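Structures given as structure tokens follow.
Both complexes shown next keep subunit A, but they swap its partner, so subunit B is in the first and subunit C is in the second.
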Partner chain A sequence: MPLLRRRKPRKKRCRHDSKELEARGLELRIPEGGELVLLNQFLILGALLFSLGVYGLLVRRNAVMVLLSIELMLNAVNVNLVAFESFLRNAGAGGQIFAIFVITVAAAEVGIGLAIILLIFRNRTSANVDELDLMKW
Partner chain B sequence: MNTFTNLVLAAAEEAEHSIEYGDGGIFAEWAWLLVIVPFVAFVAIVFFGKRLPRQGGEIAVGAMAFVFIYAAILFVINTVEGVVFEHSVEVARIGSFAIEWGWVVDGLSSMMYLVIGLLAFLIFTYALGYMEGDVRPTWFFAAFTLFAGSMLLLVSAPNLIQLIVGWEGVGLASYLLIGHWWEDKENSSAGMKAFYVNKVADIGLVIGAFVLAIPVGSFRISDVLDAVVGNSGDIEAVAFWGAALLFIGAMGKSAQFPLHVWLPDAMAGPTPVSALMHAATMVTAGVYLLGRMYPLYAEMAAEARVPVLIIGTITLIIAGLLAVVQDDIKKVLAYSTVSQLGYMVAAMGAGAYTAGLFHLWTHAFFKGLLFLGAGSVIHSVHSNNMSDMGGLRKPMPVTFGTFVAGTLALAGIFPLAGFFSKDEILAAFNYEGYTAVLVIGVVGAFVTAFYMARTVFLTFYGTYKGHGRPHESPRVMTMPMVVLAGLAVVGGWVNIPGLYTGFTDWVGTRAQTFAEHHAESFDWPVVAIGLTAAFLGIVAGYFLYYRDEETQQARDSFRIPLLWPLLEHKYYLDDLYMNGIVTPIKGPIARFVDWTNSYVLDGIVNAAGFVTRALARFVYQDLDQRGIDLALNGVAYSTDDLAGRTRLLQTGKVQQYAGATVIGAVLLVIGFVVFG
Partner chain C sequence: MSDWFSEPANWVFLVLALVIAVSAVRVVTSTNVVHSALFLVLALGATAGLFLLLSAEFVAWVLVLVYIGAVIVLFLFGIMITRAPTGPNVEMDHRPRAPAAMAAFLMFIVTAGSGLTAFGDQEITRLGDGTSTELIGEQLLQRFVIPFEVVSFVLLAALIGGITLARRDASPAEEEATEEEVQA
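Our next item is the complex of A and B:
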């Protein structure tokens, strides 16, 4: 969790100070034969995707779209996981494995979620989440 | 005067009031089992009876079978060698008086053991069939066993205290059994009536016991009778009063005029109860008491025999007349029992100890039989009234045959049991010179034969007037009747003057002996008169109730003017007791109790009520309502209010929840960033 959060100035956080990383037993790794791609770029992509997902989750009325937004958020997290994994030595294959887990869970979740939505739609001829407020006071 | 003296008396004179009898060996020593086994059975039935297939009836019958077998063994031993055995265990001591429990085995008590054991065994077996499907069979058999056990306790008593305990136990058990079907008020009232009337008589018994015991210094019957036989001066002074008071006790249990009123009402109980009560337990207790204390009545308190004779004679004739007007078959038999008890008591009063007990012996067989027969008929037609019967000879052959045997035995037809015993009583009247009593006894014999003939003709001949289809009773009920019918035939053959007088020896086998006249041959004129009276009674019954069947009912409703209302109202005795005794006593007592109740007791109760109410008001209004309740209600109201507001957050809209989650997450992130 708090890999990069330590009592350090904020500006330093994204600089990939190799010494600091080495002190923690981690090492910055540069992919071979490729242009150096900064970790920041992946993180920004992930943040954008996540925000998009949050936006969709909060504002879309159609339940299918809400589910889609959740997928978006999950995948944003996947991007972050994979990015961190590939930029850090000694991280093992943890990022990739976690991403696969997330994909698996997401698949299960979509399976169940879509089934629920389908049944709701059959019963009420609508998948509008605003109308699904039976579980209130 | 006749110079006939029996063997016992002759031996008594030789050995100066002490005859060598056997001690009965181990069987007499263990005779306490006779008393204990029924009581153990009683407890066992109360606690385990319900779990048994027969609801406890098998325990009762088993206990009675044991009593019967044991009594038969004692009886045989007594017949062979003559047993006098007595043993007492001290239970408690009050001053110089010892309270003891013990048992007596002699000729008199073994005769009673046998009668009780035999009759109880047969009647309990019968009850297995009769009480099938009853509401409370377990309790019935428990109380029934208690009944027999109490009677055995009474009979085995070597002292007056134990006799009174058994006496009261019999009264209690009879109360329970008469009121067995207490759902009907009538039945429980009958039970109470029996209990109360007996209590009135018991006062005499208790006072009499003390009157006799105090000069002797011991409650032991043998000590009292030894003092009597030894002509002790102390007891001579009280002998008459003691004997008269004991007789008052006997009048209650043995239903003598004017305390006989409870016995007909006691017919409210189940028929096996009536059978046992009339044959072996309860009503024989009074006669047994007279017999047990007979040495007292024989000479020392001979004047006390006069009221005994008079009351017995009155009883035998008035109860016999009452039996003629009854429609309820059991009441006919009940009044018949009262009448026969009158014979026994009158015989005792006339000085015929053996004859009185002999009639008890034969009466047990045929009256038990007649009640079982009546029960069988009632079981079949579901009514007690003879106006609902008739023509039962064909559908119930066994009942009919045995009932007729019992009727002839009771009427005193040669050679059945009743003939010998009744003849011996009448002969004793004649010998002692009580001609008036003899005449009444002969009239009584005529009346007896008449009402029994009436009963038989109304019940078994003519046409059936009831509902449903009568049927013969099951074998478990008819077998005891057949056995008793056999005994009703042969039961009298144990005391035939001039031929075999075993019975005289049995009941004469006792520690204290006394002089008594025993006829060596029949008193032929009396035999002729008695038999003629019995035949005339039967013939009269035949002409009135059988000969022309069409008018049978018309004749049954024929009423003799003047006499009939008197009989119908039972000589107005019940009215006299109710209006003359119960109401005058009840009134003032009730008024006094009412006054005490409304001014004294109610005052106390009201004051207590007022204080309690004031205290309660304080506790309720100030402590409870304004204190505890307010606090609790406050908590409840505020919780409710808060919950009412808070629940509005639960909108049911997922996106609002999701928004809240996102805002929370963002705030957490900001928190970490800023404060981390």
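Our next item is the complex of A and C:
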């Protein structure tokens, strides 16, 4: 949408201008979005998702649940990548392309991980990570 | 802060972030494995909505197709084939949980704190002006062509590895039997 294209960062002054204009019965067309959406709100959401993934990774017993927690962590990384792509004006398409790479690698990782879990289940009849103590001295 | 709430995009963000946070908590605390996988679907769907808010349409739909379409099905398949315990009284977590919660909390403090100190109140100014899918395609085959090929090789390796690992090998007696059949 070329209507919403904006190259220069908008200053907060514009907010007050629009209020002044409204007070005078005029309307300033502000493109939706772009103002006052902080980068940090996305970073904090990503941090929250990542920490929840770390918690699940450490606390879960079932290996499939551990993989689910890893997916949460990878998703947090994707949130950060896409937010930074929106934040930086000269990023090209790097952030989104790396998010796609992360999604691809995550899909491969789930395939291999589930195959390994399947093998472990066949050999030990259990997919609990705390029962895999064969190499523990 | 009132300015923050006057922005419609922030309300959309709040709703989506709430959905993501609640369902992510349920993913790591639910006692039912299938419920965990389905809450992951909810979290990923809300993340796709967040990507749409950031005008990253292509990544959003790739997320929906690859994760919700394929990966979650694979997870449900894995849960059912390993006969993961789904009863209400099954011990799903290691005890004690406190050290893990402490580690996760410290992780959150460090990552969120570093973001807060580094970026303060800087704004995303390109919200309605996203990267077009055309640009993504061009960049993917020009600037990022080597990582692209590497990722495709990783996918191929994962495909072959998954088949090799999950295939049920015949026992030696069966192998001899098939060899005799071939010779005969």
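Of note:
Please note the rule applied: the second predicted complex is superposed on the first by the 100 of 137 C-alpha atoms of A that agree within 3 Å, B and C clash if a C-alpha of one lies under 4 Å from a C-alpha of the other, contacts with A are read in each partner's own complex, and residues count from 1 in each chain.
By our rule, a residue touches a chain if its C-beta (ideal position, glycine included) is under 8 Å from a C-beta of that chain, and two chains touch if they have at least 3 such contacts.
Worth saying up front: this structure is predicted, and the values here are computed from it rather than measured.
Overlay on subunit A: subunit B and subunit C fit together in the combined arrangement. Judged by the touch definition given at the top, the superposed model places A:96 against subunit C, while subunit B stays out of reach. When the two complexes are overlaid on their common chain A, residue A:79 makes contact with subunit C while staying clear of subunit B.
Using the contact criterion defined above for the overlaid structures, shared-chain residue A:66 touches subunit B, although it does not reach subunit C. Contacts of A:124 after superposition on the shared chain: neither subunit B nor subunit C is touched. By the touch criterion defined above, A:134 reaches subunit B but does not reach subunit C.
Look at A:108: by the touch rule set out above, it reaches subunit C but stays clear of subunit B.
Contacts of A:54 after superposition: both subunit B and subunit C are touched. Judged by the number of subunit A residues each one touches, C leads among subunit B and subunit C.
Across the superposed structures, the minimum distance from subunit B to subunit C, using CA atoms, reads 6 Å. Residues 5, 54, 58-59, 130 of subunit A are contacted both by subunit B in one complex and by subunit C in the other. Residues of subunit A touching subunit B in their complex: 5, 54, 57-59, 66, 129-130, 132-137.
By the touch criterion given at the top, residues 1, 4-6, 9-10, 12, 15, 31-56, 58-65, 67-69, 71-72, 75, 78-79, 82-83, 85-87, 89, 91-94, 96-97, 99-101, 103-112, 114-119, 121-122, 127, 130 of subunit A touch subunit C in their complex.
Taken together, the subunit C residues at the contact with subunit A in this complex read 3-4, 6-10, 13, 17, 20-21, 24-25, 27-28, 33, 36-37, 40, 43-44, 47, 50-51, 53-56, 58-59, 62-63, 66-67, 70-71, 74-75, 77-79, 81-85, 91-94, 97, 99-101, 103-105, 107-108, 111-112, 115-116, 119-131, 135-136, 138-140, 143-144, 147, 151, 154-155, 157-159, 161-162, 165-166, 168. Residue ranges on subunit B touching subunit A, taken from their complex, read 647-648, 650-655, 658-659, 662, 672, 676.
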